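Dropping the structure in here first, questions after.
A, B, C and D are the chain letters, set down in written order, and residue numbers restart from 1 in every chain.
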């Protein structure tokens, strides 16, 4: 097979990108997207335990598109990059960010190290002391539909969690306009198993997580404070927010079913359509429809519908994303484009795969 | 292969059972259970469009266990039965029940013809005039955990819907004890695709419903009034009840995630355990656990957990069933056992299949 | 919830059964079947790493049916048993069998320790020295359709592998009658992921094995010599047998597609039907049909079809089993029934679950 | 949401493309690929039964990328096109091709109307008289790895079937070099359910085809003569070719397991690698590996491995494709690129999606 990389490399500028910890699902998804991105090249891919292995030996879908070899996280090639992604477990980026920033390299963390502004809350949910507390404040929360301007100027971006992306986008039009009842918002969320990562684990075996459905962490999940933080920041109020995640017997996709009330009469359909009319990656369905997770599979789109229940002040918002794309790697590339001064949609302007 | 039917037919009494319309998933599930039930025999199985076909030619899992041949719904063998199940679409049982009752044959309808007491509500949701309105009042709603005594004496039982079984059992301890806030109960429910039946339909093709997840009928679903009716009857109050169903990319299983508030301090774990301590088919998990649908697959058990959210009056109840068993055929057999004076658990006292 | 165990325990005799290593899929399947077996009780369940844990805490489908607690493999309760199953990894039973036999306890090994008669072949494929070579010869290969008489008298039974059960049953009528061409039999086999066990493993994660299909071990698989051994023993000839296994994106089920030639004209349909006409667990489909794995899901049936290709000497046999039932635990119970003098079908005479 | 079409339409040339019958899985896949193809635009999309409906109302994954509205097959916009795809059932293209060719419009048929050169064989397998027998001979079989030069000059291309693509590419190196034993090649093939199309059909419901596996058409399948024709044309000999298809419980993907013998010693690994070294869409894995269907999901790659069995003349070739891409729409676009003088890989040079 020919190597496409060289076929397509009529690329003109090409900024250099590094990925720390590219052996999980977020990593391979980043590589898949970046492999055909027209204006960057993947310069360094690190994995402490796979040094010397070709990346496409681990992920054969990338054969023909990627010829990188895993290097050590302290390999000097990483320091030649313009921007580095951390696709690592929580607690890794916070130890490696400063050294990159010091060299003028921009950083996007796909984990949770820089998402929560209140360090005591972060410590409570993530169970460790923060290693670079000073960076937390300056980090920009990388939800472009909320913080586009700040992201463009950011040196460090905290890429949002998958559930928070789906839920926050679903609520923004209500919350920004101050028309949701903050007294009791419920997000009943469902995620495909890729959200649990690529680690060997009995609970996510095909024979355990397949052909079944369950809730988990009903008593508390790390994404609750992340979402609550954004809702409070946007609304300027304390928000009473309940979050229950569930595990779907499939690989990709998040569906958030959000329950709230509106305080007065509003044309919610128009409100939502107007709110997102200039967004490339948020699609409000026509009134009465229901988004399917498969309609966004492999795409960077968040697709949603807003339902006012008949004769009621209750509102149900349905919001779907591909957790690995808009919920992780795709949104990270969207942030990268903004940070590097590229067109925001570059490399991620493709439709979802259906069926 | 030997025919088990004759191997195992050391059955002693053997009452005769008929099934009208046994070509759907509820029908084959009834046949699967009844084929090895120790004290009944399946005497007549009807299907207008399959007269003369062996039942096991349509459902090869039954080969060796069932030697019935489909007959016409007016075949006289049906009138020899002690009890007849209607496993037909809505609107069929209401036309065929009276003639059976007149002959002293007991009837269980697995469809919705006799579930809703208010005929105007029924007509609104099912889109037709009721053909036997007089029978509606006398029909007993076949949820044994609620109406056991009446079922034992009933001539006509309305087998509950699948969602209503999971949701109602999940709420009964709170509602019967009057400690739920009736101002806003939400049931976010998820069902496997077998709930949609065996009809040829683009929407439930493997390539459409597989590997995806969506809500449907957010604006209104027939099971909402069924559940609301029971909650109101039990509580004696009007209940503000929101119901949103979703389609899971799997075959069997319903998971109800129920959100409510409690009005005062209660030890909910003990309340639930005590409430169901004598029930054979309701299992309350230890505190803090989450039931998986697979734990009840092929069994007649409803498994649940009750979670009080930390520092909050909010309660989340998780309730799972196999929609074809406790949500349909298994519960119907449970009702049959009660109506025929048999031991309630006969033929359905088997554990679920895992994995 | 009531405990069924005591509800149903109107059992009369009740022989005592032990299970060594019941934490895998074979173990939970044995427990599921034995929990409602009318004439045995599960007396001891061992797991070195789970001593003191209730079995139903690990497998919640068994709640209400099993009240055993895991004990150590050297717990004396094991020595009170009439028969002990080893549901352990390869290499464990060979160390623990003799001590049980010495106490008059019968043994069934669900792993491969006693399947291969030629110790050098065994060592080659299983990568270890055999710890009890003397027992290998006396062990009976537990395929009842082949060795029923010997099993009845056996003290030690080697339960066949899952693939070998499906393939061997599919070939027996041809091989026993000497009408297959032994010059080139091919078995292209496909298995659900439960065959790979319950160990934490990246390769069998939902996100790795789900929604995909692949062959594995094309260069050689342990079940090849097991099948070849039986074919040679039955035919008295060397058999040129090719075996290629594949992994299906589902949990239960094996499908063997077997290619061979017949040396002369034969009515293969009658041959197969006659061959198995007295077998309770082998079902030959009518001519021209194709068995589905789902038709045997959760049942002990092997369902098959034999196709003579048009104008050709080629024969294609299709054979399906549930790998955890007829391919493991169900067949083990069938062997147990024979060894304990019980009716062969006891506890396993139930139809498969469909859909 | 913004419409990407206009964002990205900095396209320069833009030839006009029509699609007849774009309501099936092949159609939506063509639209997905063509929506972001840099040098064509989709000008006309026909569907007799959906005239006036927006295409993205049927396929919401295309929202933002496609603003076409279904038109009648005789709409004049179709006649403005440079090239028209038929993504219709068998028997449609043969009636509509000539009128397009007469207007100088090139045609690619994704169905089987022009694949079989022998009209009597075609009639036997497709059960109808051919409506344009004269075109059959001039039609080029659109397997670029075999017929690239002819495709470039073709006015009418018969896009190969999905199974034939996987099997033929797997066998070409052996057959072209005359080193396979033509006395008995077997292809045991497995396909995801999307191969069965989007029609409402009980057999491909999630509850029927999901969580199960079966062979079908063992007695004869239409792709057998298509493959045999190519093998004979290439080898110049009659080939004894057995083909058995199976249905996988997943949506996309074909896996062919091909059994043959080689007549002498050859370094098959080098043979295969050399044979395909200049192909962009055929990837030969390193020795000893096994391709997974998921490694090619959504991509136009055929990935394969060749295994010589130890101490044997037997060869097993494993070949995987995405049946909707390299097996249908992707290969059709590859052919389109060749026919229109575009770079062959344009619009399809993207890696597969994993997981």
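The rule is simple: a residue touches a chain if its C-beta (ideal position, glycine included) is under 8 Å from a C-beta of that chain, and two chains touch if they have at least 3 such contacts.
Bear in mind the structure is a predicted one, so any value in this text is a computation, not a measurement.
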Of all other chains, the one whose Cα centre sits farthest from subunit D: B
Pair with more cross-chain C-beta pairs in contact, given B-D and B-C: B-C
Centre distance in Å when subunit C and subunit D are each reduced to the mean of their C-alpha atoms: 40
Distance between chain centroids, defined by C-alpha means - subunit B, subunit C (Å): 34
Approximate Å spacing (C-alpha centroids) for the pair subunit B, subunit D: 45
Subunit C: positions in contact with at least two other chains: 25, 194, 198, 207-208, 210-211, 249-251, 291-292, 294, 297, 355
Touching residues on subunit A, where the partner in the complex is subunit C: 25, 193-194, 198-202, 204-211, 249-251
Of subunit B, residues touching subunit A in the complex: 184, 186, 188, 190, 207-208, 210-216, 218-220, 242, 244, 246, 248-251, 253, 255, 257, 259, 288, 290-294, 297, 305, 307, 309-310, 314, 316, 318, 320, 355
Partner subunit D, residues of subunit A touching it in the complex: 1-2, 4, 7-8, 25, 28, 32, 35-36, 59-66, 194, 211, 251-252, 276-285, 291-292, 294-299, 301, 303, 345, 349-355
